[in-house]
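Shared chain: chain A. Partners: chain B in the first complex, chain C in the second.
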Partner chain A sequence: MDVDLLAQAAVSGLLIGGLYATMAMGISLSWGALKIINLAHFTFILLGAYLTYQLTTTFGIDPFLMIVVVFPLFFVAGALLQVFFEWAKVDEFRSLLISFGLFIIFTSLVRTVWTADFRRISSEDNPYASASIFIGGVALQVPLIAAFIAAVVIAVGTSLALSHTHFGRAVRAVVQDAEMARAFGIDPRRVAVILSGLATAYSGLAGVFIAMFQVLSPTMTFAWFGIVFSVVILGGLGSPYGALGAGIIVGVVAGVASVVWGPLSAPLVTFLLLIAALLFRPSGLFRRSPA
Partner chain B sequence: MRRERGIVPRFLILLAVFALVAAACSSSDDTTTTAAAAAATTTTAAEAATTTTSESSSEPIVVGGSLALTGFLAPTAAIHKVAGDLFVETLNESGGLLGRPVVWEPLDDESVPDQAAAIYERVISEDGVDLIMGPYGTGTITAAMAVAEREGFVYPHHTASLTYVYTYACHFPTWPTGIETNITNPNLVYDALEESGNPPETIAFVMNEFPGTQYIGYGPPGSDAGGAISEAEKRGWDVVAEINFPTGTSDWAPIAAEIAAADPDFIYVGAIGVDGTNLLVALDAIGYVPRGHFYQWPAPGPLLGAPNSEGAFSVTTFEPHSPFTDAAEPAAISEAFSTAAAAAGIPYTAFEAQASVSWAAWQVLIAGVEGAGSLDQQEICDWLINNEVETIIGTIDFDPAQQNYYGDLTKIKQIQNGQFVVVSPSEFAAPGAEPQL
Partner chain C sequence: MTARTKTLLGFAIVAVVLGLVPNVVEVLDAPGFYLTFLFTMFFWISQSSSWNILTGYSGYFSFGQGAWFGIGVYTTGILATKHGWPFLVALPVAGLVAGAAGLLLGLVVFRLRRLSGEIFALTTLAVSFVLASVARLTSLIDGGRGIFMTGTPLPEFLGDFRTSMYRMTLVIALLTVLTAYLIFESRLGWGLFSIRDDEEVARGLGVPTFRYKMTALGTNAFFGALMGGVWALQIGFVTVEDVFNIRVPLLVILMAVLGGMRHWMGPVVGAAIIYTLTDRLNSAGLADVNQVIIGALLIVMVLGVREGIYLRIRARWIASGVIFFGAMAALTVFDLTSSLIWDFSYALLITMAMLLIPTPLWERLTRSRITAPPSDRPPEQPVPSKTAGT
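Take a look at the complex of A and B:
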């Protein structure tokens, strides 16, 4: 086995693991802290990607600048979604049903607006698609570097916020006992709205990176379910560091398996790893965050 | 975090209903009414489906069927929807079929074979359609064919790749790759490479695990007939890599790295959809430029825009250039399709492989009905078996001895100067175009 080939596979897996972590972070936070299994996150990723495609193609905006457009926009969207969930008094199980309905609605919306056909940002509007930085003989794809950095920043920032800020203490208090937290002057609904906004913003951010190097179609979300839920479960619900670590593990394992045993083995190896890990660490490989 | 104060099923029910209605209404710009409803509202349905109807107010002929209006096959099925709608519109403008207008309102099979089979069962046995047109895609066509056979309906179809599987006497394929696609198709590619004067010495295979591409690569399961790989070895080319990947692969970096490590003269990619585009992006990301490459069934628009796609080969049945458009009719069809595709929001509007086989399927169906002079399924079937049909992809002579296949009419095209042009066989090549490797 060519060492350079293994190195390339491992490095590429590491970087795409960052993207997986960014994709999974929102669901992990939502599920772990809000007790909402929000399948609509997948369509938020999709919407983030299509929005990036459309604005970049129409106005020539640099794809990286879409981060400052998508993040606040999706924060608001996520906050409004949580307001709806609060109003409808949605619990964990019903959140699965309702968010699945939202998933269908938003996917149909994407298909209606952009048709079912493939969309890709042109090379003229997106010079980053196959741009790489080379270290030794190993190529590091620029969009994936950005996704990895974003994942690290999100994981570190979110964990620090949850453990060292008043908001973070409020989140932990509400997760432990909402009524008691309320008695101490913490508004659980406000906490949930902000957290949902953050989770949705993370999903939109993942969509920005995906649009930079992948061809888009409304049905591409279905390919993400297995990977993202693997990362969420492997990392432990509500754990930003867990999502980052799990994303990296999944990316590297799948990448190395692809070159050692062939690409067909990658999903098998990844899910065997998931099963094995859960047998020994049912709550995930990494300790859950204080939230 | 929240205390449930009681079940609020009304909201859930409302939301679920809204989701279903939204999904149903937004699945297509066209109304997806049932075939029965279309037949019931005769004049209204006919007017809705056509721009101008024949002066006859007779009951329309209803063609039933499905298409992948949603699901993973939808991007390409959209092309077949446009082609089919345009064909029906054109047909009705010229007097319809047997003096009657034609109505075609495909239902959404959501790219699911079981769904397609259920739809065909319904439109035949419940809605009582007069004719059927096959759906898009190998899986759905295969599933629906069983229904057509059981019900005794003539079954024209355009995109089923597992040619060795289909034994129904009245199935009429316009996917023109012949009964030995695994042998003829790759050899057409290899002949083109030989014609370039610089054939490869080493070749790598990157094959989607989709059954159609696996068939081309390895031959029918359980058979030692071989396919693209063994045919390459017969030509003395050294196979330096053989990579099979799952459908829907999103991480192409390992595959790209493996190809770069093997460094073949030519890469044969058993690609569907955007596989080729994603692979080229991944290869470019690691600084590798393929010296020669081929993509089996790519989405042409994204492939044209992919990095280093110049020189990529693929297969086709029609391209919008001479000699295909030398005659007025195909030229007009090509132009009309492009206009309709643009109106439908399809990014790549060229009338090429997918649209042409779709058009040909309709030509076969109409020729059969007109030849038989009736809507009797057996008479239509018999007529098609015993007569040639002139189609936009060539003359089709269905041969029962070959399970109604008729040889390989595939042409080889290549991206030259940013455009797909046919380069082989030479009689179909664009003026001045030759395979370049």
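Take a look at the complex of A and C:
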């Protein structure tokens, strides 16, 4: 076994773990704080990726600029979705089913608009796809570095916001006891709408990074299910640092496993990790954060 | 005559009538696609009914139907092609293998002290992915090469391929639904319902919750794999991507939710409706629209008909019967569509439109108070989810 190869796998895994964390953050927040298991987040990630593909290809926008476009757009979409959930008064179980329905609808819309063909931003529009920084023989892909930095910023930012701002205190109050929070003048619905907007915007961002270095196809969401839910559960629901840590663990373990036992073993190892975690730490590996 | 005797008699009649369909088709020289349509429907009825034995009865939401289905496909595939076992011997073995796998999973997860329903759901999802990657990696199972099932010999007495498929799926579907019914009526069924409603209370009252949950999971896995094994023949060329995808678990959930998870007939009705609609939309070349409609239907049903179509049909059984059979008769007599299957699907759609009318509005519309037949179940409550807090 080549040591360089292992180091490369571990470092790539670390970086891609940041992407996993960004992908999982939205679902974790919405599950942990809103009590909504929102499978539609997978299609938000997909939509973010396709939107990035389309706008960069059509208008030649720098992919990194898409962050500024996608974030507010998806914030609004997520807020509207939460308004719908509030109107429908769904519990956890129904949210799973309804968002499953949304997932099916959005996925087939993506397939209708962009067809089932593989899509990739051309190299003129996306100079970052093949760009790498080398540190001692280990290559770091630029889009992954960006995704990792974004994950850290999101995790730290969200965590600080939850613990230090008025909004964050309102969120925690609503999570603990919505009725009591209402008695203290907090509108639980407004808190939920903003939080859902944020969670959705995070998923959209993950899509931007995915579009930067991966080939897109409408069925790629299925491959995400396993990894993202492993990260969500390992990290503990609603915990930003947990999602970050779990994303990194899953990324590194899967990366190293695919070098040692071949690429197909990565999902297997990931799930064994998940099942072990379920057995020994059912509430997640990182149980400290608020929300 | 007790209710149970009546139901079992009904089962016998349905079994005989459906059992004679291939002969009728042969005598009338009707197109063979009627048989294909029916046996695919039997496949889905069996899958969703078996799923419902675990999820509908005990409340533990499973995404794992694909895993049991896949174990069935691969076990029969390997035994029948690589080891030359007779197909009808390989089939029950496939069911038992999946049943054992289900019990193994149960042994792990149901022992967790604080297993919430959501964690269970995602673990079952994970199991399918694990099985998929194991199958892909192991050359003894698949190794990424796939298995050809097309030459598998079937016993003579089953008839040609289509008729064999029809007979095998019919028998398994009847067995699954019968099992679902017998459990529904038994002590085990009541125990499972009490677990669904409040597991702590159920345990406190002396319901052997662990054993009951294991039984439900094992039964679910057994029937899922039994039908999966037959389906290997229909797939023909078995690949990991075809078998362990999200389609089976997804549709099974849709069917049971639409039909109603709190009654053994719910998944049967739901499977018949969803399968008919998807089949018609696909044959009209609208596969993508199909997905949108299915998704929208799920959302509308979850929000609008919480108890499921079946219980709503029971509550409005006169109107349902009149509209369905009226539409069916009109469509057939005036020969408005190209086949009986189209008549059936339009009649279904019209009936469902009526069923979607919200209950308060419906009661105002039918002031004469059409009453439902006496129910053998207490009034339905909304399904509580198994959250950690409850």
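Criterion: the second predicted complex is superposed on the first by the 290 of 291 C-alpha atoms of A that agree within 3 Å, B and C clash if a C-alpha of one lies under 4 Å from a C-alpha of the other, contacts with A are read in each partner's own complex, and residues count from 1 in each chain.
The rule is simple: contacts are C-beta pairs under 8 Å (C-beta built on N, C-alpha and C of every residue); 3 or more make two chains touch, one makes a residue touch a chain.
Just so it is clear, the structure is predicted and the values come from calculations on it, not from any experiment.
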Fit or clash between chain C and chain B when superposed on chain A: clash
Which superposed partner A:F184 touches (first chain B, second chain C, both, neither): neither
Chain A residues touched by each partner, larger count belonging to chain B or chain C: B
Partner chain in contact with A:A88 - chain B first, chain C second, else both or neither: both
Touching partner for A:I98 - first (chain B), second (chain C), both, neither: both
Chain B versus chain C as contact partner of A:I233, first or second or both or neither: second
Touched partner set for A:F59, first chain B, second chain C, both or neither: neither
Which of chain B and chain C A:F271 touches, first, second, both or neither: second
Partner chain(s) touched by A:L279 [first = chain B, second = chain C, both, neither]: second
First (chain B), second (chain C), both or neither touched by A:I37: second
Touching partner for A:F222 - first (chain B), second (chain C), both, neither: both
Overlapping contact positions on chain A, where the chain C interface meets the chain B interface: 35, 88, 91, 94, 97-98, 101-102, 104-105, 108-109, 111-112, 222, 262, 264, 266-267
Touching residues on chain C, where the partner in the complex is chain A: 61, 108-109, 112-115, 117-119, 121-123, 125-127, 129-130, 132-134, 136-137, 144, 245-246, 250, 253, 257, 288-292, 294-299, 302-303, 383-387
Residues of chain B that touch chain A when the two form their complex: 1-6, 8, 11-12, 15-16, 18-20, 22-23, 26-27, 69-72, 74-75, 77-78, 111, 209, 243-246, 248-251, 253-255, 257-258, 261, 273-274, 277-278, 280-287, 299, 301-302, 305, 307, 344-348
Residue numbers on chain A that touch chain B, as the complex places them: 2, 4-5, 8-9, 12-13, 16, 33-35, 86, 88-91, 94, 97-98, 101-102, 104-105, 108-109, 111-112, 114-120, 122-123, 129-132, 134, 139, 141, 174-175, 178-179, 188, 191-192, 213-215, 217-219, 222-224, 227, 251, 254-256, 258-259, 262-264, 266-267
Chain C-touching residues of chain A, taken from the complex the two chains share: 31, 35, 37, 88, 91-94, 96-98, 100-105, 107-109, 111-112, 222, 225-226, 229-230, 233, 262, 264-268, 271-272, 274-275, 278-279, 282-283
